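The data blocks that follow each hold one structure.
Next, two complexes with subunit A in common: one pairs it with subunit B, the other with subunit C.
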Partner chain A sequence: MRSPGSVRRLGFIAAFALVYALVTAFAENSYYQLILTVVPVWAVMGLAWNLFSGYSGLVSFGHAAFFGLGAYFVALAQIEWNLSPWLGIPCAGIVGGLAGLIIGLPTFRLRGHYFALAMLAYPLALLYVFEWLGYQELALPMVREHAARYMQFADHRLYAWIALALAVATMLVADRIERSRFGKSLVAIKQDEAAAEAAGIRTLEWKLRAIVLSGAVAGIAGGFYAVVLLVVTPAAVFGMLVSAQALIVTMFGGVGTLWGPVLGAVVLVPLSELLQANLGNVVPGIQGVVYGIAIIAVILLAPEGVFWKFKDILDRRRAPAAHADIVTSAGTPQTDQRPPRPEPGPTLLDVRHVSKSFGGLQAIRDVSLQVRSGEILGIIGPNGAGKTTLFNLLNGFIRPDSGSILLDGREVSGRRPYALCASGIGRTFQVVKPFRRMTVLDNVIVGAYVRARSDEEAQTLAMTALEAVGLQHAIGKLAGVLTNRELRLLELARALAGNPRILLLDETLAGLGATEVEDVTQVVRRLADRGITIVIIEHTMQAMVRLVDRFVVLDGGAVLTDGTPAEVTRDPAVVDAYLGKRWRTASA
Partner chain B sequence: MKTGISRLAKYAAIAAAVVTASWSGVSGAAQDVEVGLIAPMSGPWARQGEVMKLAADLAIERINAEGGIRSLGGAKLKLSVFDTGDTVEKAKNAAQRMVANAPDLVVATGAYLSSFTLAVTEVTERAKLPVVTFSYSDLITSRGFRYVFQTSATGDQQAEGSLPAIMEMAQKASGKRPKKIGIVMDNTAASFAFVKPIKDHQLKKLGLKLVVDEVFTPPLSNATPLVQRVRSARPDVLFLLPTAISDAKLLLEKMNEFGLGKGRLPTISNGAAILDPDLRANMDVAQLEGVMSVVADWTTAAQKDFIADVKRKTQQPWPTQHFVTTYGDMWIFKAALEAAGKADREAVAKALREMDIEGGPAVYYPGNGRLRFDANGRREGASLMIVQWQNGIPVTVFPAKDAVAAPIWPRH
Partner chain C sequence: MEFDLPLFVENLLQSLVAGLLTGALYGLMCVGLSLIFGVMRVINFAQGDFMMLGMYAAYYAFGLLGAHALLGEAADPYLAALLAGPAVFVAGVAVHRFLVSRVTGMRGAALESEGHYAQLILTLGIALVLQNGGLFVFGSAPVSISTPLSSSAWDIGPLYGDMVEIFVNQGQTYAAIIAVVVVIAFVLLMGRSRLGKSLRAAADNPEAAVYMGIDVERAHRLAFGFGCAITAIGGGLLASGSPFQPYVGLEYVIIMYAGVVLGGLGSVSGAFFGGLTIGLVQQLSTLFLPIQLQNTAIFVVFLAIVLLRPQGLFGASLRRA
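Here is the complex of A and B:
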């Protein structure tokens, strides 16, 4: 796919490479040549970190593990087997990738801070292992004849060019990933792992792929770094500073974008060197203070990194006019009239005697209910009745303690959310979970991957879903700037993009004004008219009564009753448990 | 933030300009000969770099006062300092800066840590800049390099030579040979390297029994269990191998508490951590009495004037090993320049390779009293020294010919 956008992006990368290569060509001084070599190395390391942590949001403090293994592999391979770094560096990539797999498998069982801290342990442990193995100091042997075969050049600009080539290659890989299902899945995981899983993304699989790829890139960076540094020590390649440097260049430049680490390395590495060279001898130690203050200042002024700050400033300049929210284009006349609804088909989802307790709390107690094909089923009940828990059971977030859930007559209880999503159960959340830094279109594309085989197909599905909810005018906007109504519609579209047969809507109308409620209700009804079965949890009774075909009333984790809106609103038990006096008088 | 960065760059540029201006101001006389010191001037090892700079300044002041380099018409030496910072990468960058931006530099010394020296010499070897170093690692002079000269006894030499030297000293001082030894060490590379030959073959060869063998991870939080084990096993000699000054303090204080201090249990360390002025400043001096350490250089009886000079001019309580050796290095530079007859890297390297001096600068390095480097750049006959705390000052007690005082060894 060669869209104008991709041509422009590749053009930027090519221009950067060209300028950098030219600057290098004119650098006569071997010290500047060295700095020009180190900058892309840290850019690659930052990109490696970004590929994993930047996109997936799982913070790794341990990328030094991959970097160090790569460096040690190249050094030891040359010392022990006389293997040239030309071959050693690609092999270091394999070593790094394998390390990613071995580290990722157990560590992905942890989440959040626990994951970050566990990652911190690997390079520290490896540091001691390599000391214990007696590799305190390794020097790559100096080759005096055919030195180029061992990547040893008299002209140091060659190192800088190789480093640049590595950086450009990594940027191209990152660019590809950023645009593809891979990158979007990772970003979805970052924004909300639960939502991603519910949208049909196999989170563990993508995280593993990401850490393997990231480890491989970091391994290559480490291998090349060994060639540049010529001396490998555990502290130099497994030390905290290595992981920190990868993090710092990325955080400075911008997390989750391919230009972030590059920008960070281009600014910070020479700045740190400049300070070291010019202040180090005058006021020893001051360079660290100045460097630290510079980083703190940037984090305070641009918490998401320089790249995003500039992007936001540019975007604001390009669109100086206030965001005029395009008036809803749903185009359906508002009516209090209940349009006729078709008769529901056979049972699609069959819940039989399902129970679930959390410790001593019995959240769901022997619940049985049937959802029939094509109907709109409303689930109501007071707070704590177990409505959301029921949804979590239906879409696989939690497993029932007993009972069974049948989809089309087949047992599905205990399956993972992405698997349930793939078999046709989509859902939205009580608290809207958009992927804020992604465009509306990308948000919805993420939801389409469960069904789509290619990126093109995903885009088509996403566009169809967006049209269905009436958001087609906003596809280019970032999700972060949407109004509450648009966010609800976005969530609907994301769930729709996976072509679900059943849509579980968790308080889709919450927090909306009266006209907005009507708007969204219309959209839901249109979806139902297209044959999508809908199960909806909602508190706004007036809207619900007009929307649903049938109610199930939960109270204290058990089914209180079920029936048509008219029956339920007249049921004294329901009125007592949930609806309150107003409904009693209304129905009386 | 954009302005913040550009302002920062401006300040950095101003700072750079000031530094350059001050340098060029000093180098007004064209015939000055530029020599280098590349060492950690910032980061955790900055204190050592500072000591090395004091030593180099003191030596150069004296050399210049005595008429500079005679074969160059009395040219003065001028020191340029390069900061290796706290990582191998920064050390390598500093070395590259040194060879690229100081084209007139003819020779340098450094870089304190072995790993820094390894990286620095990878650069200087390719730039054909001779470097004299005191770092211990054997690797430095086993790479077939021709522009590196190692003045210390290497790590292996020290480890191999320590136990026999201690046996010899104990025999002489107490009339008895120790039978049982103990080891309490931290898990750093230097400590492991030091005990390796002892455990591998020397115990057997010398008929010794290892009665305590304890390893701890720095920083040590509680020394009691370690010292208790030492007390109950009652070795005749204890190898106490901390590399952090704080761990040394904790262990020594606990040993005093258990009645093993003040030389009652002969205690031997390795390296200069346990001889550091900082240790004396932070604990009861009496508790240091009798503690010994194996080092690659210290002051000798022949250096009384030098020691007095150091105290008077630098306010250092005593010259530590890096002080002595960096001071000596400047005299080696002078000797090499005199022999070379021109301020040229290649000529100075040649002079160092051909150097064969008795006395003179050789006095600053323990060994056979001659200054000669072999084909790998190792100083021939380099030997170790044993230093002991006596009356609050670490003094050389071994070898006998360099000893400032007789060793104190308890007679049971």
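Here is the complex of A and C:
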């Protein structure tokens, strides 16, 4: 299936390849030919880095490990086994992929800075190991007969074309990944690992796949680089500048898009090479200075890279025209009357005597409550009452210290969030974290993967969910431009796309204006009317009174009381402990 | 090959002495890094390069002092190392003022993942500029501060019935003593002075510190400057022992982080002992491994430390929604 969008994207890649190939054809000077060869190599390295770090958000300072292993493999294989680089380079990909697996398995236990620093240690450790092994300088043997069989050409433009072919192949792979479940799952991990897991994504598995693929691509780049330079030294292939260059071309061009690394390499590599060639004698190290300044400038001026900066500027120019078609779905008239609600069914979720403490703080103490099928249950309580902790227990982020949680009568406490999501518990978060650079539709598709077997099915589920919350008009918008109300609806849709039986809504009404509250409330009620059981947390009661069938009031981690809205708002204990005197005087 | 016990004991003692002496300097450098992390919660990737600046500052200061023979040939290298502190302090404050402060503190909080991403990459850029700019300014040929003490040693022994004899390098010993004195002075400063208290308050709870009238931005700037300066003194002391060039900082980044993580993040005295331990590991590894692999040994120890402490840098990585 070829959509017009994919034809356009592939067209851009083809046009880029054609122009680059033509420019190369006219490059007579062997120095320019070398630059034209090196640019795609760094584009491929950037793409490799982007495949892993750009999409998943785990910063790697260690891609030189894969690059260097690939380079040394190709050189050693030709020296020791007379293996042609034509075969050696693909094998270097396998070596890089294996290295990715071996490095990824232990290192994914780390987060944030620890991960970045640990990744830095791998190539530096390898650097010393290769020096110790006596491979200070490996030269690829020159082959006199059948030189082409060993990728040795008199016409150096051939190297540039091979490099270009590698880059185009990597771009096509990146394009496929960007649009597939793979890419979207990684992006979901980047935006919020916890949310991704709650949406049913097996985060460790996807991260491992990403680092294996990324390591393989970097290994191929390194292998080819060895052939181009003919000499491999530990500092040149395992050095800091290799990892930094992969990261910098990507950050400069734009993270999370396949054009980012390509743009970065096309601009920065020739610039630094030419400066090095012309000023290198006077100003040694100018190459590194250029990369350093480029990355400092990008972080301070355009933190997401040049590509996105330009795209934002273009989008802003087009924006005035686009504003006209924003429609609010809040056309329905407001009523103060509660529509009749069906009687709730049997108990779906049964929480029995659950307790949880963090250090000395007892966050949840002996909480028991039942959620009945089809009802809307409101959980209220002041800040710190343990509401969000309760949700984290219900969807598997944390394990209870004691007590049990039964779904359909089966014990589920302690199961992983993605498993609970698959068995029908969906949730939203207090702080909405959509991926700003993804469209509304893609954001919701991520939530549909837990149910869907194919990308098409995921798209259908996502569309249904978007229609259910009334966001179908906004599917093509980037999530970054949505209003607060739309963001809340987007989160609802994302949770809904996994076809949950129970939806846990964490302060979905927070930060909304009065009309927006009414709007979102109606959406929630519509979902309930379709038979989805809803548990909603709020710390304000006003908006909830007309929405929920029943309240559970939490205070200090324990259940204070439960009952219908009418009962609870009149309960003196609730009024005193939670609502305060103002409510009593206001309602009196 | 027969196992030669006296030789092994001799090597062991010799490595222990060398490990303690270099470890004290690593410990001092770690204290600087730990201060920056402790107060600002920022990973400074360029810390090794500030150390490199400290080495060159000491080198040039030594050149100037040498002309006047201020304290005599023996003491000048240490005076030069201490002078590297204020010089790099100014550099650190400037780097914080114009670059780092734009992605940390209150401004960092507004960025994606609280600016951690931006901080890592910004300091990487600073590291690249310092390393490669250093190549231009200082030249690529390795230099060192030569002092008569660095080639003289106390001879201890013979012990163990004439068979064991160890040498304690005099230059390194004085350097280690100065490092320990600087650490103690700094710990006292942090504990007793008004400045130390405001730094600790800013570290503990920046928001509350602001309400208490503490200029958190200034506290961060001072912490960054002091952190760079302390590491620079460590570098300056190290400079009289071995030759160095502008790229020297990179491997010390790992050494310093290994020490800081080992000592418990944010703990100043812990960082010192962490650095000391890393020095011991580095020197003792030469008993079993070829000398080229001593840094690989540190990296492996570093990886082991971070992998066995999976709770992550930012305290409990308890997953909260």
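The working rule: the second predicted complex is superposed on the first by the 551 of 588 C-alpha atoms of A that agree within 3 Å, B and C clash if a C-alpha of one lies under 4 Å from a C-alpha of the other, contacts with A are read in each partner's own complex, and residues count from 1 in each chain.
One rule holds for everything that comes next: contacts are C-beta pairs under 8 Å (C-beta built on N, C-alpha and C of every residue); 3 or more make two chains touch, one makes a residue touch a chain.
All figures in this text were calculated on a predicted structure; none of them were measured in a lab.
Touch criterion met: A:30 reaches subunit B, while subunit C stays clear of it. Contact with subunit B, but none with subunit C, is seen for A:302 once the two complexes are overlaid on the shared chain. Residue by residue along subunit A, subunit B and subunit C are tallied for touches, and C comes out ahead.
When both complexes are overlaid on chain A, the residue A:521 reaches neither subunit B nor subunit C. In the superposition on chain A, A:84 contacts neither subunit B nor subunit C. When the shared chain is aligned, subunit B comes close enough to touch A:276, but subunit C does not. Once chain A of one complex is fitted onto chain A of the other, the partner contacts of A:257 are absent, as it touches neither subunit B nor subunit C.
By the touch criterion defined above, A:131 lies against subunit B and subunit C together after alignment on the C-alpha atoms of chain A. Judged by the touch definition given at the top, the superposed model places A:229 against subunit B, while subunit C stays out of reach. When both complexes are overlaid on chain A, the residue A:56 reaches neither subunit B nor subunit C. Common to the subunit B and subunit C contact sets on subunit A are residues 128, 131, 241, 284-288, 294. Residues 29-32, 34-35, 38, 128, 131, 136-137, 139, 141-142, 154, 229-231, 233, 235-236, 239, 241, 267, 271, 273-282, 284-288, 290, 294, 297-298, 301-302, 306, 309 of subunit A touch subunit B in their complex. Within the complex formed with subunit A, the subunit C residues making contact are 43, 99, 102-103, 111-113, 116-118, 120-122, 124-136, 140, 246, 250-251, 253-254, 257, 261, 290, 292-293, 295-296, 299-300, 302-303, 306-307, 310, 312-314, 317-321. Residue ranges on subunit B touching subunit A, taken from their complex, read 1, 4-5, 8-9, 12, 15-16, 18-19, 41-43, 46, 49-50, 81-83, 85, 87-90, 92-94, 96-97, 99-101, 114-115, 118-119, 122, 125-127, 137, 139, 143-145, 187, 189, 193. Listed in rising order, the residues of subunit A touching subunit C in the complex are 57, 59, 61, 106-107, 109-114, 116-118, 120-122, 124-125, 128-129, 131-132, 193-195, 198, 240-241, 244, 247-248, 251, 283-289, 291-296, 299-300, 303, 358, 388, 391-392, 397-398, 427, 429-431, 506.
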